[in-house]
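What follows is a set of structures for review.
Both complexes shown next keep subunit A, but they swap its partner, so subunit B is in the first and subunit C is in the second.
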Partner chain A sequence: MDMSQYKALFLSESREYLRSIAEQVVALEQSPGERSAVDALFRGAHSLKGMAASMEYGDVVVVAHSMEDLMARVRDGALPFDPGVADLLLEGVDLIDVLLQDVEQERPSTLPTGDFAQRLAIYTPAPPKAAPADQAEPQEPAAADAVTAPHSATAPAAADAAAPPAAEAEKAKEPAGEAGGTVRVKTELLDHLINLTGELVTNKQRLLTIAGELASPPLNDAISETAKLLRSLHDEVMKVRLMPFEAISDRFQRSVRSVAKKSGKEIHFELTGREIGLDRGMLEQLVDPLNHMLRNAVDHGIEESGDRERAGKPARGTVRLAVSRDRDRIQITVRDDGRGMEPATMIAAAVAKGILTPEEGELLSPRQALMLSCIPGFSTAKEVTDISGRGVGMDAVNAAIQKLGGTLGIESEPGVGTTISLRLPLTIAIIHALVVQVGQVKAAIPVNAVQRTVELSRRQIENIGKRQMFQLDDEAIPLLSLNRVLGMPLGRFPDGILPLFVTEARGRRVGIVVDRLLGQHELFVKQLGRPLAKMAGVAGGATLGDGEIVAILDLAGLL
Partner chain B sequence: MALKVMIVDDSLFMRKMLRDILVEEGYEIADEASDGVEAVQKYKECLPDLVTLDIVMPNKTGIEALQEIMAYDAGARVVMCSAIGQEALTTAATDAGAKAFILKPFNPELVTRVLREVAQG
Partner chain C sequence: MTAERLLLFSAARQLFALNLQEVCEVMEPQRCYPLAGAPSHYHGLINFHGNLTALVDLAGYLRLQGRPLPGKVLVIDTKLAHLALKVDAVGSILDATSITGASSHEDPLTEAVLDTPHGSVHLLRLEALLTGLEQELQQSAPNNAKPGGT
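For the complex of A and B:
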């Protein structure tokens, strides 16, 4: 029998089981003794084993089988579901996840499963008095009587039959089948659909350009009707691409758990909004930034329990991840009740690092001071993160969010906690962008990065030291030439008016001078292939209505 | 006339494989079910000639579903599907009226031979 035809189905269903296993493990840790979750865990491992055996993926079979046996011992009461069991199961999930990637890439397995099966087979709970030893692996040198014979794992029928019907927990696990009027569709097909819709949007822009030249009212009517239909089509296609946030959320529970364990802190993790739908492409790109933010919250935000108690707080810190939808924006917040950040300390650290002059530091508002944590080079050094209480990789987080067309904001109160909020568009495929002329080329800047546009008279420019500045809302804003940044000849501005847009870079506002502001356009973003994709500062490309190609700039990467 | 088979398994992958094997052999697929509760309900609706019934399933195990199907239709011809490691359950299934067993992973020849034997009584 040619099994290759089942590979895609095997991979997608296996991953659903892995996801469900990881969720059940975390759920069981929160409410141990939940019989339905124990049963579901057993079944998940059992099904994985059976599927892998059909595909003859021996490594996956071995790992899944040992997980199944471990869960059989828990189910039959031979073993409590303790943190050690949870660790082993999650380790198994990670192992299989890597093995599945190898299968997918059709490469020989890169991961030795080593003694995993053996460790599960001999696992016995740590003796009750053994200190804070959740993470200790069973050290008993293979106590012979601790080894469970494989067959004792098979439950007597009565035990199986006596299992209560697993209720709610099951629903999440059940792979979305063909029943109930739903179909499984390859994700490439969805990508294709959004591509076509994007091309149509580009074409509509082209029609608009032509209609402008022809000045024909019936044509204009037809185009505006088409534009309406296109918008509905776009919305519908986007809906199809939406996936619930929970598709990625189990990883966060696990990473919070593991960082908490490593840093010896007690953390209560809350997640709300797991049902909120996000664009599939965006979800994938949110995993790393959110992981960073959560790790920071646990590692740097939450204090040691002793410190917390002295400050009159509960010993256990709370980290909340909340996802919500606000019309056409997605809001994601990571909130901790930790030590918070002190703007003055942040400024002092930035001055000490030579990122700011003391004078510049004095000009920063508290909000801008907190945003200093997003400047590359600010937060990588350990001593600074210890002072600021936050910061590892926040520059990378900020850059990733900007690339997605989103914005990042930080609020913090010393001693009370920190909240980082991300605001994201619903889609990353079609964006609104400000198109500008720079020398011979046109470039597009996503509107989320543009605070406002200004036409500045030369007289309004002040020279302060070597820098040119102008006043906006009582704030001195430095000027930068996009031509210079891109290595183009500088603009001339014979009429003495400089077009510019204001954006935020390195925690403060900057005026970016261009040759001309060409207005706002709806663009269909295309990823650049290699080697262009490697260029810093370019987020993608798009075609304008007149057929001209523009680069979409990633200002965070450029400035 | 082609015999009608109902396939019960909680894994879509397993159902698809079994379906392909059976269709290839000329069986008609009466319906599919993904748990024990659904299996009993759909059995009553489509009254298939044969059932392949997985044992380890959510909501109601294969053994429980088998007992209910047999209580509803004493003439039901049910073949249990079980993975290695579930041998202990075979006695319970036979007691409850299962006609035969198929071991996972499925071997197409074995599957069709067992089903043919059961179909012929």
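For the complex of A and C:
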């Protein structure tokens, strides 16, 4: 029987099982006595094996079968769920993932799966270390504790009491099938749907332009009704494109685990909001920034166990990744209870590096001082990491978030910990943007990046050194010309009024002067493809209602 | 080595060719919207069946002396790029069997210089062209923001 037509479904379901298995492994490390999770792991490996066997993918069967056997020994009490078991299971997940790629590419697998199966079959836990003075591997005692303690606590009553919510959560993680009114849809179809919706939004703007010229009330009514329907259509299509955060969250758990292990720190990792839906396109682009933030939190934010105990904190540090939704915004926070950051130290480091003058440093608020870690060059310096305990690659994180139309904020209290908050739009496909005129060109700036617009009189401009500044909310804000940034002739402003918008660049508010502010538009963002996708400072393009094409500027890349 | 069918076109009094499969449409010049910050041989963006497509003056990119002709727009396959090339004229489709000779060329953009009944033709490497355009964009990043300038 030709099974090739079922290959896409097999790959999709297998990857969901792998994701679920990886999550369960990491969760079990946190609470090894969770019987329902042990059962779920066993079932996951068993289901994977069954699916692979029916498709005659022998290598996948071998690996899944050995994982299933290992979990059977754990389930039957013959083996504790220790870090060694976790490592082997995660290795198995990685191995199957590679095998699935081979299946997908229709190439023969060259991976030796027999050795892996053999290692699982003969696995026995390492004897516990007796000497508490063994400082070489500080993570070992904690991991051993995590295994032994739940064993004594795994009384049937306790296990039963814990079972219902865990079982419920487990049920929620079962891969979705065709049953229960759900269907699997190819992602290209969803992309096509959002494209069509976007084109309709563009066309609505075109109709609005025509209606403005004709001044016809019935036409206005019809367009108004069409606009409402379009808004509903857009909302529904966007819902279809949403994917739960858990689609990417397993790698964060593993990333934290890996950094903790390497740095010899004890970390408790918490993840909330895994069910929150995010735009599929955005989800993929969040992986690297979030990984960066979490690794920073573990590697630089959380102190060594000894330091924590001396500071009166639990030896085990906590890193929390939380996702929530507030109407049409997504909030993601990474919070640690580590050493925190000291604004004054950040300012001193920036002054020492010549990024700020001492006078400019004095003008910074504590929040602005913390945002210095997002300035390119500042964050890569080793001494800053040592001083602030944070900051590796935060400029890249900030740039990636701004490119998605989001904002990044940092709060920190020395000795207590740091919270980095990301606020993101629900969708990156259709956005509201401020359209501006610079020279002969129109450009669009996502409104998320615009704090406010100002019409500034020349009299309000002060010259401080070589800089031109103006006062806003008792803060001196430097002025930049967008014309100059884009290499275009400077604007003239014969009436003495300079239109500008205020945004945040390199941790500071900046006034960006343009020739004209043309108003806010709802735009369908289109990717520019090769070669323009490589152009710094341009996030995409869009068509205005009159058919004119504008570039959507990425201010983070531009400034 | 050479594709079975090539599309011949001219720019700055030179004959060029691309693999026919790399080109999806030849159009008359159409409304183009300037793109701030791009090098001068980027005429701007055009709307090609909903795809926002960069229109590049090929002669300008190759630093050849262009001609003031309305010319033609040669749209690259949208699966490969969102790029259209402004050229002087588009000629015939050349069958590989009519190529009488081929020699290599030191320019990485040129896969080969072909001897054809129409004369000497530079067969372009599309991938090299795209990579070159991308590298140029990365190197000509916008001015770093300078203070003032109002």
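Keep this in mind: the second predicted complex is superposed on the first by the 431 of 559 C-alpha atoms of A that agree within 3 Å, B and C clash if a C-alpha of one lies under 4 Å from a C-alpha of the other, contacts with A are read in each partner's own complex, and residues count from 1 in each chain.
Everything that follows uses one rule, which is that contacts are C-beta pairs under 8 Å (C-beta built on N, C-alpha and C of every residue); 3 or more make two chains touch, one makes a residue touch a chain.
Note that the coordinates shown come from a computational prediction; the quantities given were computed from them, not determined experimentally.
S.K.: Tell me which of subunit B and subunit C touches more residues of subunit A.
M.R.: Touching more residues of subunit A than the other partner does is C.
S.K.: With both complexes superposed on chain A, which partner does A:46 reach: first (subunit B), second (subunit C), both or neither?
M.R.: Once the two structures are laid over each other on A, A:46 reaches subunit B alone.
S.K.: Looking at A:54 after the superposition, I want to know if it touches subunit B, subunit C, both of them or none. Which is it: first, second, both, neither?
M.R.: first
S.K.: Identify the partner contact of A:183: answer first if only subunit B is touched, second if only subunit C is, both if each is, neither if none is.
M.R.: neither
S.K.: May I ask you to decide whether A:535 touches subunit B, subunit C, both, or neither, giving the answer as first, second, both or neither?
M.R.: The second partner, subunit C, only.
S.K.: When the two structures are overlaid on chain A, which partner does A:214 contact: first (subunit B), second (subunit C), both, or neither?
M.R.: neither
S.K.: For A:9 in the superposed arrangement: first (subunit B), second (subunit C), both or neither?
M.R.: first
S.K.: Which residues of subunit B touch subunit A in their complex?
M.R.: 10-14, 16-17, 21, 34-35, 37, 55-61, 63-64, 83-89, 91-93, 104-106, 108
S.K.: Quick one: in the complex, what on subunit C touches subunit A?
M.R.: 31, 33-38, 44-47, 50-54, 78, 80-83, 130, 133-134, 137-138, 141-143, 145-150
S.K.: Can you name the residues of subunit A that touch subunit C in the complex?
M.R.: 195, 199, 438-443, 461, 463, 466-468, 478-481, 483-488, 490-491, 493, 498, 505, 510, 513, 526, 528-532, 534-538, 541-543, 547-551, 558-559
S.K.: Where on subunit A is subunit B touching in the complex?
M.R.: The contact residues of subunit A facing subunit B are 1, 6, 9-10, 13, 39-40, 42-43, 46-47, 49-51, 53-54, 56, 65, 68, 150-151, 153-158, 160-161, 163, 165-166, 170, 173-175, 177-179.
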